[in-house]
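For reference, chains read A, B and C in written order, and residue numbers begin at 1 within each chain.
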Amino acid sequence: MNIEEKSSLKELIKSQKPNFPLEQRFYLDPTIFNLDMKTFFFNQWIIVGHESRIPEKGNYFLFNIKNESIIIIRDDNGKVNCLYNVCRHRGSKICLENEGSTKNLVCPYHAWSYKLDGNLKSARLMDEDFCSDEWSLHKCNSIIFEGLIFINFSNKPDNFNEFIKPLKPFIELHGLGEAKIASRRKYPTMGNWKLTLDNFHECYHCQPSHPEYCEVHSSDYIKAYGAGSNTGPLSSEFMKELLTWNKYAKKIGHHIGEYTESKFSNFFRSAERTPFSKGKLSETKSGKPASTIMGKFKEFDGGYTTIGTSPFNSLLMSNDFATIFTFIPKGPLETEVEIMWLVHKDAKKGVDYNVDKITWMWHETTLEDKKIIENNQNGVMSKKYIPGPLSQMEVGLEKLKSWYLNHLELILGS
Amino acid sequence: MNIEEKSSLKELIKSQKPNFPLEQRFYLDPTIFNLDMKTFFFNQWIIVGHESRIPEKGNYFLFNIKNESIIIIRDDNGKVNCLYNVCRHRGSKICLENEGSTKNLVCPYHAWSYKLDGNLKSARLMDEDFCSDEWSLHKCNSIIFEGLIFINFSNKPDNFNEFIKPLKPFIELHGLGEAKIASRRKYPTMGNWKLTLDNFHECYHCQPSHPEYCEVHSSDYIKAYGAGSNTGPLSSEFMKELLTWNKYAKKIGHHIGEYTESKFSNFFRSAERTPFSKGKLSETKSGKPASTIMGKFKEFDGGYTTIGTSPFNSLLMSNDFATIFTFIPKGPLETEVEIMWLVHKDAKKGVDYNVDKITWMWHETTLEDKKIIENNQNGVMSKKYIPGPLSQMEVGLEKLKSWYLNHLELILGS
Amino acid sequence: MNIEEKSSLKELIKSQKPNFPLEQRFYLDPTIFNLDMKTFFFNQWIIVGHESRIPEKGNYFLFNIKNESIIIIRDDNGKVNCLYNVCRHRGSKICLENEGSTKNLVCPYHAWSYKLDGNLKSARLMDEDFCSDEWSLHKCNSIIFEGLIFINFSNKPDNFNEFIKPLKPFIELHGLGEAKIASRRKYPTMGNWKLTLDNFHECYHCQPSHPEYCEVHSSDYIKAYGAGSNTGPLSSEFMKELLTWNKYAKKIGHHIGEYTESKFSNFFRSAERTPFSKGKLSETKSGKPASTIMGKFKEFDGGYTTIGTSPFNSLLMSNDFATIFTFIPKGPLETEVEIMWLVHKDAKKGVDYNVDKITWMWHETTLEDKKIIENNQNGVMSKKYIPGPLSQMEVGLEKLKSWYLNHLELILGS
């Protein structure tokens, strides 16, 4: 980006109005998209999977984003390694299948062979001064926390412990380290990643667009908390329910409360525990549990845990299963939404849990969102798209937007 | 466009030779295409349909061009409104189907609801200072004339009455206000809009390429008038026929004559009435009428009316039906040709008119043109494409080219 | 390309390290691709076919590259003409089929008619001062040598005799002027042309990737000569075989030896004759001949002739058939590989030769290369692709790279 472009972008950022969505350029410009990737996606700790997907030595899967492909593989010591899928010789991809199992990582081109930790094992016919140690596969920053595989593409990643700290008790409560994947689905969405997240960060559209969601959650909850705590108008009704439930859950020793960012930082995290409607125990059609209880729960407490680790991941969890979202920007007009449903590792399919019951709500809702977002993208392309005023239920979207704009401003400098 | 680009384009315009077609850049450059759209398509009164397509309150159809989508809808008072298909809240498309019927325009995202005239009816949970009146759907300039729906994307559209004046008696003769659509088809053509119109503005190619057209029209007519009056070499044979016919048609009180622009302006209009070959009464294979007589015609007068309202529309009319073209530029290398055939509103399908007979000639001819234009586009991409000399039958193309270049020169300033 | 871009490219060229492959930008940048086309493909003598493909007057085929289409047609005097497929009138393509036969070249648009040598024969209704002689079809430089059709897009093509001189005895040995096409196939490959040629100019990948090739050729040959003479580590074993074979072949009067460029020029040519493994007479699965003996061979001499006329063509020839490659860059990330197999013109299909036996090895090997190259291209797109050290068997690739970089440097000036 040259100086002129930079200065025009800075002006654009300044001209965005509070309580209105972003202007058109933010939703389609390839220059802004590339800046977004560098500034946000490639700088955050992203959950790309759960280690139960690769239980045995040599098991691997790929995480692909734009031109990057990461091999996520379990090595001989049981450690999960995240390695760039690029041979150090002439750059060929090494793993060609999206998942599989292998003893060594052998490049299909010239047969350079790497150990499962990425170290070069053998390369034929190299000059005498060739030093194998210098040609290990590039590593991607990664950490396993509670079974969740986090990666970070940054050269200077934020400290993971500092990052995870406020979310830790919420995640640990659910015992994801003792979980397994019940189902995994992808929802390719032809919309800019920010339009896709705008949708996820407000529940103003839930009533007209999501019958399944509205069947499961109470209208008071949706209004006030549908897109996170205090993202809609205050509901004294729901606050009363929440206080009552908090007392009960605390009494039986379950973690409660909420976390929101109090000051601007690299992180955009949130977490909260809230009660389902009276009588409901899980985020299912019937409200009844659909699998065995997980983690530290002593009994089904009728509570719901919602966590955002970054704009790119959300964890929505009942006592018996977890629904984990990853939002992967594919291009200025394309985002892939991946959902992974986790249950207790010992739960038996068809006996202890039923995949359809677990996936029902968010599968249907995400299909609906895909359509909504694509219509939104189509409309936003018009020269007559001018941001309109946000409603009282779009506070979450406004928060995300502010954080985004502040970040860009910081990156572009003064 | 920066100063350098502007000056290079101005030089290019000046270097175009009279009586030769345009150079390559005009037929493929995306910068010129965007300038063309702004200068021409988005500045002309364009016929996008006939009101018989939406007879009832709430009936609508969409007109889509590049990133713009216009809802053409009949409101509760029977008025046709042309509204941008973009919600004033967050920009979602409102109508998702290409045509349909509705009581209100409800945005599928957050349920903002508009009346059929575009006024905002309701929006939930807005701040107290929200004023509905300020958030009506954006209107597109539009006028219904003789049942034809004209729209104009310009912020300062040309005066419609001034625009339509010279064409008025020609159009009114045919009673299109009392017509209905017999058929409507689209011909997506992979060629620049100017190559597509070059084809339409000369009949030099008719003899080698259009057997159906040559079956219906006489070779004298084709030579001299095939692409409009005096667009080919003088034919004393045809002039004699024309004079004789003019006397007859005038005598029975039918409008006759021709209109061509006498000086340069925003408008590129033409109109003329000419006789078919002896014995033919309509533009059909047999020359016999294929539907009931329309408009002010007292009897079948054996005449043909051809009108160009702008480069983007042509009306080719027999006494009993009208063939109306819309040329819609889709990209530097893509144009959509849409044809609408109109008959008298009371004519009964299968009884009074036969769709195949009415559509036969221009359907076949437009399919042929599609191929021709696509071959032309492919050849024009070569570095060895150098414009060659035009024939005596390509005067119409030269006229269009001059008007186009004069316009661009004016826009680019001195 | 402006001054800044030019200077950045020159720096990039200088920063390329010896004995490492090129950096990412060379394999994907559209600006470099366009420069490559201009500098290399459009400046070389390229083999685009064999004249046996158009034996009769009026027979033609098209050679298409980027926006250019060349009609290769035999005229009434039996001469092969290479003509731009662009009508001199308004630029339409003239020939629409990839091959066929015709009496005249008649433009399908306005019927301008050309003789088979490209001279304009007739054009209707032109002005009186129109001079047919000035409007012949544009010719592309072309020469038939030993039945091979060479074209050159340059305005100042290199002298053909000077170009072909060192390769002449190697080509003439095989009697390609008395040959016919046994088979022809295309292998569209989603990789940059330089990645595609990198693959062809080293045989380090042959052992892991090409079982068929390794079945036919000895491992000593592959190591030392697989990608041309001395492109791998010295093999005293193979040198001994070569010397013995040279004596024998010379004795029976067959041409032997090798040619490599000794100084930098526009040309990148190579040629050599080498022995197959003991007992093998042809590049087939069994090692047995698969067709009748060709050219000046007095007996099957167990030798193999490999010739590169430019980076864009390779001729790999047994005594009984020839395999001829053309590499056609289609875009920054796409190359078409075309293979033509030639046999003696009098050999009878199914009797004297078997297509499957002749095509087996290079058909299988080229399919394998297609996959390998595509994986390489995918990996090279990563930001973590950094060129790695070349092995002792990648000397041919290094040569090609040096020639390429020297050329670009020359073009960009000091």
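The working rule: a residue touches a chain if its C-beta (ideal position, glycine included) is under 8 Å from a C-beta of that chain, and two chains touch if they have at least 3 such contacts.
Keep in mind that this is a model prediction, so the values were computed, not measured.
Trainee: Could the interface between the copies subunit A and subunit B be described as same, meaning over half of its residue numbers are common to both, or is it different?
Mentor: Counting shared over all numbers used gives less than one half: different.
Trainee: What's the rotation angle, in degrees and to the nearest 5, for a C-alpha fit of subunit B onto subunit C?
Mentor: Angle of the fitting rotation, subunit B to subunit C: 120 degrees.
Trainee: From the C-alpha centre of subunit A to that of subunit B, how far is it in Å?
Mentor: 50
Trainee: Check each residue of subunit B and list the ones that touch at least two other chains.
Mentor: There are none in subunit B.
Trainee: Can you name the residues of subunit A that touch subunit B in the complex?
Mentor: 19, 21, 24, 198, 204-205, 207-209, 232-233, 371-372, 375-376, 378-389, 391-393
Trainee: Show me the residue ranges of subunit C that touch subunit B in the complex, using the header's touch definition.
Mentor: 67-69, 84-94, 96, 108-111, 123-127, 130, 135, 138
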